[in-house]
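Got some structures for you, see below.
Next come two complexes, and both contain chain A; in the first it sits with chain B, in the second with chain C.
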Partner chain A sequence: MTPDPILRLDGIVKRFGNFTALHGIDLDITEGEFLTIVGPSGSGKSTLIRLLVGMDEVTSGSIRLRGQEVQDTPANQRPTCMVFQSLALFPHMSVGQNIEFPLKIQGVTVSERKARALELLEMLRLPVSYYDKRITQCSGGEKQRVALARALAFDPEILFFDEPLSALDYRLRKTLEKELKDLHNRTGKTFVYITHSLEEAMVMSDRIAIMNEGRFVQIAVADEIYGAPVSRFVAEFMGEVNLFEVRGAQTTGLMAQDLQIHVNGNAADMGLGLDPGQVGTLMVRPEYVRFLPPGETADFIISGVMHADYALGSRIQYEVKVADGRLLTVEKLREDRFTGAPGDKVMLGFDAESAHLIHEGADGKI
Partner chain B sequence: MKPGKSTRIALLAYGIFTIAFLYLPLLSVGFASISKARYLTFPIKAYSTKWYGKALESASVHELIMTSLKLALIVTAISMVVGFFGALAFARYHWRYRTLFQKLIMLPIFFPQMVLGLALLMWFNSLGIIPTWKTAIVAHLVWIAPIATLIIAIRAYSFDPALEEAARDMGANTWTILREITLPLLMPGVISAGLFAFLLSWGNFPLSLFTTGADLTLPEWLYAKMVAGYSPLVPTLGIMSVVASFLLIMLAFSLRWLVRSVRDSRAAEN
Partner chain C sequence: MEKSDSRLGFLSALPLGLVLVLSFLAPLLVIALFAVMPQKVFSLANTPDFSSFAVILSQGYYKSLLWSLGMAAVSTVMLFLICWPLAYGMAKVFNRFTLILTIAVVMTLFVSENIRLFGWVLTLMKGGLFEGYFRYFFGFGYDSPLYNVPVIIFGLVYVYFPFMLFPLAQGISMVPDDARQAAADLGASRWRILWEIDLPLAAPGIVVGSLLSFVLAAGAVAESKILGGQVVIAISDDIETAFTFGQNWPLGAALSLILIMIIGGLAIYGVSRVDLDAIMGRKR
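Coming up: the complex of A and B.
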């Protein structure tokens, strides 16, 4: 029996004129979890978060916060708070005044406000001297922390984030992702984060909800979304992937449509079989594909020609041209690097346990 | 980017030319105001400051200045308030007739002031209102309030709507948002609009000519004296008017400086 959700969305629909941005969203958010909603731009995630904090009105459906319907409650009367993409720090106020703003609205006394602001500065690892600093004098990362401190000062039931890290450079973003996750652990609050960056989602979240064209296509923990996507869209959205169109076959369980894949045994026995005539997509991530030296074998074997290699830092990515002319992607750690040269014939292999079968018709509806 | 040598010389020459073009006429009026002679002649043979003394003593000059000042101050105050809300409607909020509003509000600015003044006078007459300096307030506002609105709107355009949303999200109601966020952020625009409103009203002639009735403003008096009955008081009051405007701008700048330094020192104390 799962505990009652802190937030329950029931059939949320949002229309702008003739355009339907959200087609009936259902979602339960558990107290204390870090949920990330990921989707390409235009998928409706920003629209959804604006409804959740009360900045826009739902067309139909209900939002229940701890069982209480709040979809018609304006933003200033909801106990939730959002960190904006632009951060929305007040430029005419100091760092301290920004952090104290929600407390001032709540009528907290001046001395109590200041004590709380200093506490939050410390929590966000900003020097106490920043209390009097002007917002315009803060760096990008410092502004992030001030915005977080201000949102925490509000002490929301749920803290929402609208891609607050998207404007920062790569290294700072990586640091702040970890800090945010750490902050989530320390505060124990419910965090709902939206982003178009899969990496951000994977690093921070307990659960990830993938959104496309105004619908959730999969909601699961990061490992499941990465390893067992429900559709081609999710598989491709979650990073580099090799996809093979397959159909059921008598003796081998399945066979590829336009490509020779040697199946070592029967795929059905490995849990990847399709009924004869049924079609689907076989998926394997690049890091699970091996270069097979002579004499070694795997559940699935494909032959090809080494095409190109790209250094990705700790890993190296290879492109191998296969029979139907397309390029398969293989990724290896530097220590396991391929020793041959482009133009060499190679045998690629992967095992059933690292592959995943997407059934046809899994077009993203859940 | 640092300009090349020839560009620098050209820029300097252009700058000097522009300043000379703008200020030489003013300088000649300045000389005329300290001429001892009864009539405007060049070159000036003898100088005196007696006309400044006369101007300061004259009761009618006092009355002129008071009328112009009252008119300009009231127009300024109303323009700032109307302009503030007008700018929000103009730039901040999306509403159905916004583009129409944006176009209509520009029209009075492009309308020839003489015609506007005459039209207003006829309108006052048909309503049975006897024109005084008070009716001129309405006339000035028709022309100046749109300008104030535009000046504040420029500021409002650079305003991130998320700031108001964030304040609301943290529990602030509409009135608190206006007081704590919108007004302070638009304040520099409101101050500039106020300065412009004052200067435009203080120096306005065509609208005042038609709508002040029996009352006289400074520009009206200057014009009347130039057309008939020149006196060296004309350049004297002209210069005094320019100096007053200049002092007002200086006052605004020093106020801004004062507010900033108070704010910074208060921040430093904490």
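Coming up: the complex of A and C.
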């Protein structure tokens, strides 16, 4: 039996005038999990988190925190708190005063407050001497840690994050992502994180919820969302992908609509079949596509012409032009790099176990 | 290159610098010099002579000073209390209505202060606009509320309203919304947010507004003369009398010097406590 959720959302609708930002959101958040809500800008994720912390009111639906309805409770009376995108540190206070702020509001004594603040500084790997430092003198990463410490000082039931890392440079962001995940493990708190960055979501989360146009499209663990997306939107949102519009076929199980994919055997037997006439989308990630040397074979084979290559650091990305003129993406580790030149004819292949069938056509219809 | 730049800068600032020194510091020095001359004489013979200061104490001039400072302090506090909600609205809530309000308040400055104050006299006096109509409708009148200390303070609040309102609105607009939201999220009530976030972060605006209102009100003379009917004498009134009818320049200079030192001290203290660059929009 699964434990009762710490937070249960039931049919959350939010309208701004005639515009509906959220169309009936249902979600259960388990105590202690790290859930990331990912979506493009305008998908409604920021609206949702503002409702969850109590900065906006729901139009309809309920939010239950440990079974208690809280949707009408104002932010300052909810036992949750948020790390803002801007961090929202108090510029007129020192690092220590910022961290102690929630404790001061709760009426904790001065000495106890200071002890807790120093503890948190240590927990977030900030030097104890920072206690008296001015916020304006802290670097981006330090501010980030202070904001986290302040939120943890509040000791919230759930800690929400509104894209707090988006303003930082790449390296620092990578470091803090890992620190955040580590912090989640150490504190055992429930973290709900929103971001538009799939990478951030993949690195940190236990579960990922993909949001688009005010609805959840898929909620699952990272591997499943990456490898078995439920829709073309999720597939494309979660990174580079090759999508083929397909249709059920008698002998081969399925058949590509606009280009020639040679199916080695029957796709239905490989678990990727469609009923005749049914449409769908066959998906394969670029790292699972191989260049086939003469004599080697794969479950699915496509011929094309090498178009261009791009170095991505540890990997190299290739674009291969295929029959209908579109470009397929292939990614290889440096050691497996393609040795030919642009303009060369190549055979591409991938196997059934690394492909995934989305039961949705190009127009989004099932 | 850099050295010659700063040299050029210094040289080009020199003429204006000299004008400022001559026009600003020189009168102050003259005042200071007059203040230590013997009473009612123009002579450097027995200088320094502190009899002017003795006269201020013995002949009750200090009372005018205390009245002026006291009324300025009360009007400044009242202005702050009245303007805060309005300034808050202008900075955070009203949107386009802010512009209308700004124009309306600025328009009042187009009419001379004295004329506006006489307008109030005509409105408030016995047989004036209010009392006249009151008597017409109800058959009996009431005493005019003019010629007392509260009406002087009303005048000060009325005249110096824009000088508190605009700096305050500017100060409040510098309070980041997310800081207020974060404070609420961390459990702070409205009053705690006001105390812990709004007031400290709007401090530059509060200081500038309060200093302007206080300094202007402390030096004001028209309100106590026109509305107050000289029920109390403002310090500026005394200074003017000493220089004109009294022909006692050293006394006038000594009174001025005391007022300048008090106000100057306050201004320097106030300005040193806040980051004025912030309100000018440079730093942060």
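What we mean here is this: the second predicted complex is superposed on the first by the 360 of 366 C-alpha atoms of A that agree within 3 Å, B and C clash if a C-alpha of one lies under 4 Å from a C-alpha of the other, contacts with A are read in each partner's own complex, and residues count from 1 in each chain.
Assume a contact is a pair of C-beta atoms (placed from the backbone, for glycine too) under 8 Å apart; a residue touches a chain by one contact, two chains touch by 3 or more.
Predicted model only: the values in this text are computed from it and were never measured.
When both complexes are overlaid on chain A, chain B and chain C end up clashing with each other. After overlaying the two complexes on the shared chain, residue contacts for A:T297 are found with neither chain B nor chain C. In the superposition on chain A, A:D132 contacts chain B only, with no contact to chain C. When both complexes are overlaid on chain A, the residue A:S94 reaches chain B alone and has no touch with chain C.
After overlaying the two complexes on the shared chain, residue contacts for A:N76 are found with chain B and with chain C alike.
Counting contacts by the rule stated earlier, residues 53-55, 74-77, 81-82, 84, 86, 88, 90-92, 101-102, 105-106, 150, 154 of chain A appear in both its interface with chain B and its interface with chain C.
Residues 176, 178-179, 181-189, 192, 196-197, 200-201, 203, 284 of chain C are the ones that touch chain A when the two sit in their complex. Contact residues of chain A toward chain B in the complex are 53-55, 74-77, 80-82, 84-86, 88, 90-92, 94, 96, 101-102, 105-106, 131-132, 134, 150, 154. If you check the complex, the residues on chain A that touch chain C are 53-55, 74-77, 81-82, 84, 86, 88-92, 101-102, 104-106, 136, 150-151, 154.
The residues of chain B lying in touch with chain A in their complex are 160, 162-163, 165-173, 176, 180-181, 184-185, 267-268, 270.
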